[in-house]
Every structure is written in C-alpha cells, then in structure tokens.
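Each of the next two complexes has chain A plus one other chain: chain B in the first, chain C in the second.
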Partner chain A sequence: MEYHNVLTTCPYCGTGCALHLQVLDHQLVGVLPAKNHPISQGGLCIKGWNAHAFVNHKDRLQTPLVRKGGKLVTATWDEALALIAEKLSALKAESGPDSIGVFASAKCTNEENYLIQKFARAVIGTNNVDHCARL
Partner chain B sequence: MTNSIPEFETDSNCFLIIGSNTSEGHPLIATRVLRAKQRGAKVIVLDPRKNQIGHWADVFYTFRPGSDVALFNGLLNIIITEGLADQAFIAERTENFEEMKALVAEFPAERVADLTGVPVEGLYTVARLYATQKPAAILYAMGITQHTTGVDNVKSVANLAMLTGNLGIPGGGVNPLRGQNNVQGSCDMGGLPNVFPGYQPVTNPETIAKFSKAWSSSLPTPNSPLSNKIGLTVTEMISAAGEGKIRALYVMAENPMLSEADINHTRHCLEKTEFLIVQDIFLTETAQLAHVVLPGASFAEKDGTFTNSDRRVQRVRRAVRPVGDSWPDWEIICHLAGKMGAGGFDFVSPQAVMAEVAQLTPSYGGITYERLEELGGLQWPCPTTEHPGTPYLHKNRFSRGLGHFFAVPFKEPAELPDQDYPFTLTTGRIMFHYHTGTMTRRSKKLDSEARQAYLELHPDDAQKIGLNGSRRVRVSSRRGQIELNVRVTERIKPGVVFIPFHFAEAAANVLTNLAIDPIAKIPEFKVCAVRVEALSGTEHRGGTDHRSGESERRTRRDE
Partner chain C sequence: MSERLTALRETIRQILPQVDGVIGLKTGPAGIVAPYLFKPGHPEMLDSLALWPKEPVPDTLKIIQKAYPNARLAIVCRGCEERGVVEMFKHAQVSLENLTLIGLQCVQEEALFCRCAKPYTVHARVTVGSPIAGVPDPLTEAFAAKSQAEKLAFWKEQFQHCIKCYGCRNICPQCFCNVCALEDEKWVETGRLPLPNPSLYHIIRAMHMTAKCVACRECEETCPAGIPLAIHFRLVARDVKEMFHYETGAVIEQKPPQLLTLEEGDYERSGLP
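Then we have the complex of A and B:
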C-alpha cells in the first residue's frame, strides 16, 4: 500500500481554506484539515471535509461526447476538437467573431481562466467572455 | 474584499453583516466573527430571514427584500445628524460629501422604517453601534448584489464605510464574501467582457496595443488588433443566443440551466443555440443540451492556483490522475487553440501559464509558483517578486485618488408583490450544498443531510394559504411554477418566502426574474413576486426527507 497527503485548496466557497487530500494507492480516500493555514487554522466546514467525495463518482464524464442523430455518443478527443475547431472557424468566417460567446469559470484555476479569455480574445477575436460572478 | 479574513478575529470591533448567510455560506469566516464576539466585538445582522448568524448577533433586524438603499440612506442620515461621522477622513480622503448628505436628508428614520420594516429605534441602534465601534467591517454577499439596484447597493455600502472612516485600516472595510472558490481569480484573469487580466479595460488603446503585441502569435495575422468593443455578459450572451445573434457558445464548467434567472427562458435560448460546447466534469443540465461535451478534470486532478475572497493566490495541487480519458481544462484549451492554428498556447504546465500572467498583469507581477511554495499564499496587489502582498487595500489613498460619495436615490425592485402574486420570493444557499449541486449532491454525506428543496413560510402565511397540515405547495411566478415541500418557520418575515436554489427538480430559478441591474447586468435573484398554493397530501419526490425534518426541529429549539 502506498499512502500520502497532498496539500491543496478547497473547491467550494471563496473562503480559501486549505486541506490535505488523502491518497491511498492512487485513489482519494479522504480529507484532513491543514493545521497551520492562515485562513482555515486546522478547521473545515462539512463541505470541505467531503471535498474528495464527488471526484470518483460514477457519473464523471470519461470521454468526449458528440451529438449524432440527436444523441450524445462517445467520441475521440481528436474527433471532438476537430469538429469544434471547424465549426467555430466557419461561424467566425460567416458571422464574425462576435457571433461566438465563451464562458470562463469560477470553478476552474486562474491559469485556465487566463487561457480561455486569451482564446476568446486572441483566437476567436471577441470580448464575449464572462463567467458566473453574477449568478 | 478590501480587508483580510484573519483581521476579523484580531482587529475588528464591530461587524455589519447584510445579505450574507455567513455561517452556512462561509462557515469559517463566521467562525472568525464569533471569536471576535467572544473578545467583545459587536455583531449586527440585517437580513430578510433570521439566519443562523442572526441568532448569534448582538443586534438583528429583518428588512423588506430590495429596500437596501433606503436602509443605508437612513443609517447615513442618522450618523451625520448625530455627529458620528469621521470628519477628518471625509475632509482628507473623500469628495462629493455634500451631495450625498443632501440626498440622505430626505430619508428620516420614520420614512426609512416605513420603507424597510426596521423600527425607528432599531435604525438608531444599528447606526450608533456601527459608527462608534471602530474598526468596523461590513460583510455582505449576493444579498446585496443580486438586485436591479445591485450597483446602487454597493455604492451605499461604500458610502457607509467612508462616512465612518472605516477604509484603509485593518479590521474595517467593505468585504463582499466571494461565493465560489475562484470567482475572484476568474475576474482577476479577465474572465469578464470589459477587461483584460488585472482589470485593464478593453477600451483603452494602450492596453489593446500591449496585449496585441504580447499575444501576436495567437492572432489570425500578426498585425490584426484585438477587439476594443465591450463584450456581452453571461446573461446577455444567453439571450443573444436565443435571438440567433450568438451562434455558438463554449461553456467551461458552468451550469446556467440551473444558475440563471428564469430557467425556462435559458432553456429556450440554449436549445436554439446553433452550436453549444460544454466542458465539465459531469453531464450537467446544461451539458445535456450540448452538441459537443468535453470531459474536464476536477480540482484534485490538476495543478494550478485559486484566488480566494481576500485576494489570496494559493496553490491547487494534483493528487490523482484524471478519471478515464478526461483532461485538465488548461490542456483542453491549449489543444483546441492549436487545432485552430493559433500559436502562443504551447504551455508545458500551469506554472508556465502563471509566468505569462505575471508578465502582463501588474497586480500579479510578483506571483510565482516558487514564492507560493515558500509562502503558502500571496495577496494581490503584489507587483514585484520582492513585494510581500497586500493584506488590506486603500491605505492612505484610494486607487482613484479621493473616495467618491454617491448620492443614491431609492428605487423599488423590478417586481413587487400584488394581488395575483402576493408573496416576495428570495433565494439562497444552505450549509450542505453548493451552487447548482453538481458536486455536493453527488457527495454521499452532504446529500444525506439535505435531499430536496423546500419553501420557508411564516406561520401566519401558512394559515392564510390554508396549509392545514399539508406539507406540499405549488409556487408560481409569471415565469413558471414548481412543487415542493414547505417548512413553516418564524425565521422568515411574513409576506416573504425563501427557497434554496441547489435543486434541479424544484429549481427556484424557474421562478426568479431576469430583470437586470443596468450597469452590472446582474439579475434580480433576490426579489420576485410569487403565489403559494397548498396541495393536498404529503407527497414526496426524490426520496425521503427525514434529515431536513430533524434540522427543522433543531432550529425550532434554537429559536
């Protein structure tokens, strides 16, 4: 058996508590609070204590899906990304960059948010980029 | 937040908590407030519901949803007329005081009591306590912002803090408690239609030139400039998609089919969207409508950083590999950009992305993974790698120079109760669930604590609608209707009802009003008019609800 803890930041509210993910044989098995953290000081709320619980849920999406004949069916990454690239390029050429909108996300990392707005602004050419800050 | 979470425990002598269900929405911030109370700090809570932190407050009042501006104008007027304003702060650090003073003079306590439902003596108690127990921190959440007067409400909060000199000092400030782990970071990174990373406006020619140069390899041709036209917000993009003006939407990790106001409208618009791409970790209500679904990775499966409510940039670390053939979201975006022929997305790691962020974003200029490893977290503004970070803002000077008092007239919410829809609905969160429930409802323990939606109804109103022991009601607004169980409780104000918005099968946002603030474009989630009808029987949907029955009994005992 191989066990270790990984110090990270809670994925729920904006308080920014730190927690240790407990990893046993490459699987998440639990959460421990981080004693010396300036915000959480060794505490967590009930959501934080359960922050690992959804990660391995059976409903997790495991492959890209593409709608064919009205149904979402399994696709390869290559197929899915090629379809998106082709469709976005065609719509942009036909109706201009502002016919495309992009949602960033308060659940994703800073780096991912930076990249998606760079994608919207530089690759697509639109400032139609926003996220759920208001919702 | 202008200030830092640890300061609440060490420095604040008073808290004015308004529109925040702190102990359920931000439990570890509530802990700091309660520890401060133990050493003598005063806690004032104002809310349409007597929430948990309201029970622990020194002073608590309910007020009518949407009457916030009248309430603040009344408090400002009392503080000025009683001579409790901080004259030195006003003279040295602010402008436009006289205009604000003239307007709030139109809000004597008697009129404010009529408008808000807070008694006259209550207004005096709150005003005197907040103005004299310095440093005093204002804490708020979406109860302030999710209104057609959201911007006016925030201006009013700032007026109050400036009037009493509670800005630029530890333990004071204007502190919006951020509801989502990285909503602060998403804004900081330019996930907004009007600004590049670090709030650099898209309308500023110098900013356009700077980013056009830095991102030249990603542009269709090296010399094509970036757009200086302000884009659409989420709410506007969805409506534009319904009108065919937006033909494709790329939605990363967001579930507007549950989080938008007026979901029937959202569904109509998303169904009309010609090409809908959804990138998420579950097949959400929104993903079910998509043409292409891309499986992203959860927080436990990738590296990166989140920025919390007090502007603290902290590490997210990969603990396990992504499930199945899912990819970290940063890799998906980079691959897609590559497929579209763009350069400038060949990053080897999130650390390399942060290096580019730091180069282009002055407030993140000193943030590196090496420093985060060493220090744990850094609070922006952090302009250089020698800078220690900034625990509180506006010391000695506001970013614009002088703090500007706004004279804020009072406006009623967009939809008021009437004969057909006699109740005011307000929405919010509960302790056990998070936003659209995608993650928490798939967590066994959290799900077992709260399995279904419910309506909070005052006992007088229960009698009025003839509930007669039934537990089931139909709630309708001009936009739709839902059926759910009812909890009769004195914690809610008569005439007002509350529904948590986490539950897709009885989604509060079927009912809410899409009227938006003219500047912030935020929908008025917190006020709309509804009708409540008793249904016969005690029909259950979605499993048993024994735990919520228990917590209701616990609450009754508390009261």
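Then we have the complex of A and C:
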C-alpha cells in the first residue's frame, strides 16, 4: 500500500501548468492541481485535468510503426530512425535542404525545441522551422 | 504555525506504529505540497510533513480505501475535511471503521482565507491545535443582500468567465457519481464550441450538491477563472438547514435528506401528479 503524488508539467500546451500525478501502488490513478505552484496556482484547464488519461490508453502507440507495402508494421527504434535518416538524406540530395521542414511542439521543453531547430539549421541546413502553436 | 506542525508531527509519530498508514500533506520538489500516505517504518518522511495549502484529502482516503478496504488508516483532517469524510461515509464512499481522525484546528489566518464558519473538527478524538470560532463570509453576505435582478446579473457576469474545465467538479470530494449528468451529450456537444451553457452547468451542479457540500471551498480555489463558487453552495446549505434541519458533517447518525424514505402521512401532496 503506497500512495504519493509526482509533480510534473502539463504536456498539453506551452503555458507550463504544474500538476500532480496521483500514484497508488505504481499505478497512475488521477491528476491533482498544484496549489502553491507559481504558474498555475492550483488551477488547470480541461486538458490538464485529463492529462493522465492517455498514459495507459489502449490506443497509445508503444513502438514506432513503419509503412511496408501500404500497411503500418511494428518496428524497432533503430529501424525507424535509420529509415528516417535515409529518407531525409535522399530528399536533401535530390531536392535541396529547403525541401524539408521541421515542426517543433509547444508540448516539448525549451531544450528539446532548441535541439530540433539546431538539427534543422545545422544538420539539414534549412530555416524551415515551425510549430503547432503558431495557428 | 510551526508549533502546530511540530505537534502534528509528534501526534502522527505516535499513531504510526498502530496503523497501516496516515494520510497527510507532504512538501515535495520546489516546496509544492501534495497529499501523501505516511507509512510506519519511515518516520523520516515526517520531516517533509506540511500543513498548508490544504488539499482535498477525503478523496485521497477514498482512493486508498477502495483498493484496501480493510486497511487501518488515520487521516489528518481540518474541520471541512472531517465534514467531507463524514458525508462521504453517509453516501458509502468511505468507511469510518478502522479509521482514526486526526483533527487539525485551523488558525485565524486560514479561517479568514476560506471565509470559514466552522474552522474546527467536532468528531476527531485526537486533535492538534486549539479550535477557534468561525469567521464571517463577507462575499456571501454581500451577495445575499442583493436584489433578485442584481443576483442574476452577478452570476451572469461571473459565469461568463467559466472556461468549462470541470475543475470544480473534479476536485470536489463530494462529487462521486459514476455517471455524471454534466457530461451528458445535452450539455457537452462533441465537436462544437462553446461547450456547455455555463449558467446551466453551475446551477445544475449547485442543485446536485444540495446537502452534500461541506464548504471546503476547494472548487473556488481551483477555479482558473476566479469565480466565487462558494457563495451559491453556502446559500444552498443555508436553505437546507432551514428546510430540512440538516447540516453536513455535523451528526454522523443523521441521514442526509436526499436519503430519507418518506412514509405515508409524512408529507403533504404538493398538487403535482
């Protein structure tokens, strides 16, 4: 019998609301807002209140999928990443770096977003960087 | 406040060996407080014991008891949380068997923050701190003094800010229906904005909380739009007291009015079929 709360940041947008994941015996059982957190001050929107719902959802992908002969097939990360690298390199050689664009996300941390723009500019060689929150 | 914290820590330390766990508050990373189950054999965890901000701990009790119905537990509860546990017991959501209530008396500052009429426990045999008298609720009093038209205008204005996060419903330990009327297709039309009619949403919830709300003000605290929700819950509670002589959390043996069975002759026909 073990119950505790894990403080984390809501993954749904760039605001950065804090929330507690309620954990009972290593199982995620719910969300609680974080009252004395400077950003969200105990409040959450409907997405934050349901931020635990996708974690153990049956539809959640557990491994990468690669399309083979028109069908999505389970793949390892090594296989998926090798395929992405191969295709990106081919596209770049064929049509130039500006034929490729990178979409970052407000759900990512600053550090992750820094890395992806660095990857776009320094590795691919394009300024085509955008993200989902620029509606 | 620190004196009360020391006293509470000592009280839990004494109770811990006799139970399977004590529900209280713990300070986590960056000083953020959350409910926690203190376990015997780990008294060092009590170094992080916290008093404030208060949390909806009756719900924590429900979560743990649901998985461990026979566990011997203790719970640190303030007046409102004790009332919450009692009401949830009456609605078969928690068990008082094998449960020790550790009553934590609120200080003036906390009572003023919550505009609380009863910042003290009445059932807990083990208590920490000295009980203080209730404080007035100026917001509710000012609202009650308004005219009908002013009241309507007040809520219309307030409910305009509602972002329909359902936080007031989610955080409420007394909101425990398996199927929630507020999630009905009628109020939440999929794929369309705006979501439910905010006025109807709040009025439906107020009606559903009749004789259940224990005035803990968690809904008001979690509202990202700052709607003073406690006002209508407290006025509904006032009506329930006048009409049914019922106060939530006060008498463990007294059944809430919505659970009463009416016998022939106990009531007069209202004229409705």
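Criterion: the second predicted complex is superposed on the first by the 121 of 135 C-alpha atoms of A that agree within 3 Å, B and C clash if a C-alpha of one lies under 4 Å from a C-alpha of the other, contacts with A are read in each partner's own complex, and residues count from 1 in each chain.
Keep this in mind: a contact is a pair of C-beta atoms (placed from the backbone, for glycine too) under 8 Å apart; a residue touches a chain by one contact, two chains touch by 3 or more.
These figures come from a predicted structure and were not determined experimentally.
Looking at the shared chain after the overlay, A:110 reaches chain B, while chain C stays out of its contact range. By the touch criterion defined above, A:30 reaches chain C but does not reach chain B. In the superposition on chain A, contact is made by A:43 with both chain B and chain C. Contact comparison for chain A: of chain B and chain C, B touches the greater number of residues. When the two complexes are overlaid on their common chain A, residue A:89 makes contact with chain B while staying clear of chain C. Of the two partner chains placed around the shared chain by superposition, chain B and chain C are both touched by A:7. Once chain A of one complex is fitted onto chain A of the other, the partner contacts of A:16 are limited to chain B, with no touch recorded for chain C.
Put simply, chain A uses residues 7, 18, 37, 40, 43-46 to touch chain B in one complex and chain C in the other. Taken together, the chain C residues at the contact with chain A in this complex read 20-21, 23, 26, 28-37, 39, 53, 55-56, 60, 63-64, 67-68, 71, 163-167, 170-171, 221-224.
The part of chain A that touches chain C in the complex is made up of residues 1-5, 7, 18, 20, 22, 24-25, 29-30, 32-37, 40, 42-46, 48-49.
Those residues of chain A lying in contact with chain B across their complex are 6-18, 21, 23, 26-28, 37-40, 43-47, 50-57, 59-67, 72, 75, 77, 80-85, 87-89, 91, 95, 97-119, 121-123, 125-135.
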